[in-house]
Structures are given as structure tokens and as C-alpha cells.
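Next, two complexes with subunit A in common: one pairs it with subunit B, the other with subunit C.
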Partner chain A sequence: MIHTTRHNDEITVIRPGVERLTAVNAREFKDEVSTLIEQGAYQLVIDFKDVSFLDSSGLGVLVGILKKVGSRGELTVCSLGASIEQMFRISRMDRVFTSYPNAEIAVQSMSERL
Partner chain B sequence: MTQTAFSMPNSIDSVDKTVLSLKDAIEGLLEDDALFRFDICVIEALTNVVKHAKTSDVNAPVQITLTLKNDKVIVDIFDPVGATYFDIREHAPDMSDIDEMAESGRGLALILQCANDVQYGPWDNQNRLSLTFENGVHE
Partner chain C sequence: MLNAPKLKVIVAEDHGVQRAYMCMLINKLGYETIPAEDGLQALKLICESDAQILISDLNMPNLNGIELTVEIRKLSLDRYVHVIMLTGQDENDIRSKALESGVDDFMPKGMNIAMLTARLRAATRLIHHEKELAERNRILKESNDRIQKDLRSAAIAQRRLLPEIHDDIMGFRVSSAFVPSSFVSGDMFGCFPLSDTKLGFYMVDVSGHGVQASLLSVAIGHLITPEFFGTKAILSDTTIAPAALVTDLNQRFCGFDSDEYFTMFCGIIDKENGHFDYCQAGHPSPYYVTSNGQIQAIGDGGFPVGMLAFADYENHSLTFDPGASLILCSDAAIEAENHANIPFGEDRLQSVAATAPQIGPANIPDQVIDALNNWRSGEPLEDDLTVVAIERI
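Presenting the complex of A and B:
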């Protein structure tokens, strides 16, 4: 389901691999990202470039992944389209997740903090 | 006024497909903001029915009616047979009261926040959630 790209051996960019991240596929997404974390990937960028919609189940798994990363690393998001940005704002997730315009900027910013 | 009936298998795998079919049926009627609100409300409402509405017949599909009336789009979702009366207006928390680090519990709040109108009550021996959407600024 997910597609990953490693940057500088430390930062992993994750593309969910679905157009709509909802209750139908949110669990599978969480399980696959959790496996990455268990394998030692703690600096994560989730790239929503190809995702047009996110429901509350999708939001819930993002929070779950954030908690799983915990103090070991960082989770940011990027490339939010209008609908996902609106969802983040309505659900107040814009206060929880740092968002970047695209993966390149997100990786650059994260690498400067390492 | 035009009215179209839809039927959805009572399974989580069917929710997104049904929402996309409903969106196809109202193509061009709602502007982007209202269409987003329609999308989020209907997916949350149908997911809630599949996950939480107890039914005496798990094979019975979920019945949905789409009504186009003047400038309004109305989605009626009928609870499955045997489901307990559950008025989301009485149970939904305010979004500001939800723990930001909670992994669930936002669906009902999103419905109340995003629909222009929410009604719930008995209708033809079933309980019906009725969601109304219209273009324009939504507070």
C-alpha cells in the first residue's frame, strides 16, 4: 500500500498509496507505517500529494503514528490539498502536525533539525 | 424535486464506494466547500452506521435516499433493522472538547459541524438521519 523514499539514511518520506485515506484502508496504512517505525524509522514525512481526501479514521491513525514515534523522532506532513487542509483545520489537527508545501521542503527542514 | 434511492451492503468496504456514487449523482450541484462537507458528513455517517448500529439482520443493506430540492441536497440514511435509536445531536461532542491526541471520536462532531442541517427520528418504522447541504458560507 505505502510507498517510501529514504533521504540521507535518516528521513523516510511515506506516500499512502491511496487516493482516499478512510476507514476502509486506514488500519492497513497504520500497520505498514508501524512496521517501519519498529524497524527504526523515526523521522517520518507523510506526503499527501496523491491523496485527495482523509476522514476521521485517517486522522486517527495519523495521531496513532505520531504517538508511536513519540520522543524518538518526528512526524510531519506535506503537500496537503484543499480538502485535507480543511479537514486538518476543522479537526484542529493543524495544531498537532507541522505541515510543509512539499516533500522536498519537509525533508530539508527536518534534516536541519537532526 | 428529484429523489434517488441507494442501497449499500452493511460493510465498511462498501462505504467509500457508496459515497463516491452519491457524489457522482450530485455532480455540479455543490460548490467545492459544500461538496467537501457533503463528502465528510456522509462518509462519517455511513461508517458510524456500519461500525456501531446493531442490527438483527447483518445481511440487510443500508438504505439511503438522495433528494435534490431547490438548491438543497438532502441525504437520508436509514438505520439498519433492529438498530437502537441514536440521535447524534445528543451524543456528539464539540470539536473543541475532543483531546487533540485522541485516535477516535471525531466523526459525530464533524457531521454536526459540517452539515447545514441535521435531523434524526422515526420514519416508516425505521430511524432516519437526514443531512442537508447547500452552497454558501457555512459557519
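Presenting the complex of A and C:
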């Protein structure tokens, strides 16, 4: 389901490939991203440009992925729509995930830290 | 298969010698034949026996082969009857009519033994296949019935955990609506006296829904007794800390290696001075509605519970005035989408909550359900919904 783009061979931008990341597909999303991490992709940007809705299960796997990356690398998010931003705010995930307006800025920012 | 009873074949043929000859051949192939002199008798025998194969002549008195087939297809039998029609060489044009009436196969008149054997074998294969499918279907239905029965019992058990709401608990009127998206719910709430003057309440919404979420919500329901709540959140007469209760729960539920967590809102209200302490943990902000209709969403967020071990939680407070009410909803309300995929949203929910002074806070839970039903044109919700209204009388 996910689409990935590699930047400078180090940063992977992941687009979930669904408009709604929910209990229906959250597990599959996590499995696919986990495979990437196991293959050595530790610098990840999840791009929510085409995702309009994230439910509680979707948020749960997002945090699960963050834990999986752990101290090996970094996970940031970008292009959050209004409803996802609101959910991040109410659950304080805005303090857990660094968020960027778009993938380009997220990649630029991450590459400066590498 | 060796001990299986012989399959019964009804042989409908008005010509006596022909009928007897066919019966003899078919019996030799290992079937049990039942002869019928005409269509009417064949129909009667179909009803009275458990025969699953009919070999029928086309032209017979009373009911001809096609009429007989039409009548058979009208019957509500618990088995399928395979109809093989005997046709003469000049009757090719009748075949499409026969197929339409429900005939399965054709055989030229004047018994060719090889062809008869092949036709009967094909019919037998289908019958066995059908029997296997029916058996599998029966087993599936049986296990589905058992699962449904179990889920209904589980739903009743979960509802028993919910507080028995009386009209008045310590000067507060509490009303609620609890709507699982399917049998059991990942939501849970409680409301009980913690001391002579303090009322405690909480609402929990486990991530996801269905059976898995309900296991955790029920475990939380069992854990948060009035004693547990009071011990964790009332540190002294003057130190009320609902955040301490949430912190304790966070430590307990962070240890599991799963993506499951829950959001929570809990509070303690003093019935004498209206002092209201609360902690919001990832749960949507409840609405505080005054008796003159002023409404505000309270709380500016907080970490969910059981997600991050380092999460810290905050105590907040406000004064709960007489006549005012607090409306709590799980996120199913704001996330409920209509047929155009537009979520119900906070503004619409807030405008329903704002009607509390007019219609009475006790009616708000049902009012929210009605509004969501209208929004979704009667489609059931996809997530568990809980609405609780607490009014200070």
C-alpha cells in the first residue's frame, strides 16, 4: 500500500497510499513500514499529503513505528491536514512528532541534521 | 462411500416397457430407481422421497416433462433435484425452453448405456459436491450462531459494568448513552461517590473498536473501582490530583508490546463548593454549559494513556456552578461521517450540547444519538459511541 521515495540514499519519504489510515489498514501500513526499517531505512518522513483522516488505530501504529525507529534514526511527519493536526494537538502528538509543511522541507531539514 | 446409501433416481416414463428397461439399467449402475407413470406421479414421488435425480420423458400425460420441471422448481425443497430430460431427435428446438424451465441435462431417447452412465455420474458428482457445501455451510452457521451468542452475552456483561444511573447522585443528575459499533465496545465510563462530598467520574475510549478493544475497556472498568479512583486521585483533603490517577494507569498499561492505548477524561467534583478538578488524556474536550447557555470546550489536550511511558499529565480545575452541565463524548461523535464523507465535527456537536438549558442536560445523550443518526441517514456508527451528561442540580 505504501509508496516510497529515497532522497540522497539516506532519507525515505513514505506516502501511506490510502486516504484514510484507520483500523482497517493500520496493521498493513505498520507491517510495510516495519519491513523498510528492518532493511535499514532509519531516516523516515511520513507524508500525509493525500491522507485526510487518521483514526485512533492509525495514531497507535504511528507511535509504534516511532518506537521501532527508536534511537537508530528519526521519524518526522509532513503535510498534515486540519483534522489530523487537530488530533495531534489534542493528543499532544505535536510534542512527539516534528511536523513540516511539506515533504521537500521535511527532507531538507532532515538532511541538514545528518 | 462404500456404505453410503444408494442415490434414488425417479424414472418418469409413460411407456411401461421402456420404463422397466430403464429402471433395470439404472439399478445395475448402483442406484435405487423409483418408477413413475406420468408427470403428476413423479411430482408426488419427488415430494415424498428424498430422490435427487429425475430422469424424465418429455411427452407424458397429466404433466409433461417441462411442466413437471417447472412444478419441481416451485417447490421449496431442502435439496436440489437434478433433472435429466429424455428427448427425441426431432425435439432439439424444445431444449432452450426446457433449460429455461430448469432442466439440467439432456439425453437422447433409446438408452445408450455409456451415455446414461456418464450423465448419472455427472449428476452424482454434483450431488456429492452440494452435500459437502451444505455440510460446510451448516458448520459455519453453527459456529457463527455460537459466536453471536457469545458476543451477546459479552455485551450484556459489559453493560452490567456501567454505572446504574439514578436520578440524583449526591446532587448531580447523570445520564448517558452507550452505543457499541458491534456488540461490545471499546468505551467505558464510571461515575460514583468518592467521599461524602466528592463525585468522581471517568470516560475511557480504547483505540480501535470491536472485541480486542473491548477486552481492554472491560479490564479498565474492573480496575477503576471507587476505592482505586479515590486512593489514586485524592492525595489529601486539599490535594485533588486526577492526573495522578492517569499517571498510575499510564505506568500500568505502557508495559505491553502493542499499539493499543486509550484516551481518557476524568474528574472530581465537590458537591459543596462546585470545585471541579479534571485531567484530559488525549480525549476530546468535553463541553461545559452554563444554565444561561454559555458553552465552552474545556481542556487543551493531553497525552493518551498506555502509549508513552514518559507522558506527563496535568491537573486543571474550574468551578462547576449549580444548573451547569458537563457533556462528554467519545470521538465517534465528531468523527461520524455522512454519505458525502463529511465528519459530524466539533461545531455541530457543540451546537447540540448548547441546547442543554432548553431541553435539559439529561436529554442531551439521546439528542446527540438522534443528531448522529440523522447525519448518517440511519447508517450505524463505525466506532463505539458514549455520551455522558452530568448536571449539577
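The rule is simple: the second predicted complex is superposed on the first by the 114 of 114 C-alpha atoms of A that agree within 3 Å, B and C clash if a C-alpha of one lies under 4 Å from a C-alpha of the other, contacts with A are read in each partner's own complex, and residues count from 1 in each chain.
In this section, a contact is a pair of C-beta atoms (placed from the backbone, for glycine too) under 8 Å apart; a residue touches a chain by one contact, two chains touch by 3 or more.
All of these numbers come straight from a predicted model, not from anything done at the bench.
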item	value
Clash or fit (per the criteria above) of subunit B with subunit C on subunit A	clash
Dominant contact partner of subunit A by residue count, subunit C or subunit B	B
Which superposed partner A:28 touches (first subunit B, second subunit C, both, neither)	neither
Partner chain(s) touched by A:64 [first = subunit B, second = subunit C, both, neither]	both
Touching partner for A:82 - first (subunit B), second (subunit C), both, neither	first
Touching partner for A:55 - first (subunit B), second (subunit C), both, neither	both
Contacts of A:91 with subunit B and subunit C, given as first, second, both or neither	both
Clash-bearing segment of subunit C, relative to subunit B, as chosen among 40-48, 112-120, 148-156 or 166-174	148-156
Doubly contacted subunit A residues - partners subunit C and subunit B	23, 53, 55-57, 59-61, 63-64, 83, 90-92, 96
Residues of subunit A defined as touching subunit B within the complex	20, 22-24, 53, 55-57, 59-61, 63-64, 66-67, 82-83, 86-87, 90-93, 95-96
Footprint of subunit C on subunit A - complex, ascending	23, 26, 30, 53, 55-57, 59-61, 63-64, 83, 89-92, 96
Residues of subunit C defined as touching subunit A within the complex	205, 207-210, 259-261, 263, 282-285, 301-304, 307-308, 311, 331, 335, 343, 383
Residue ranges of subunit B touching subunit A (in the complex, touch as defined)	12-13, 15-16, 32-33, 36, 39-40, 43-44, 47, 51, 95-96, 98, 100-104, 106-107, 110, 113-114
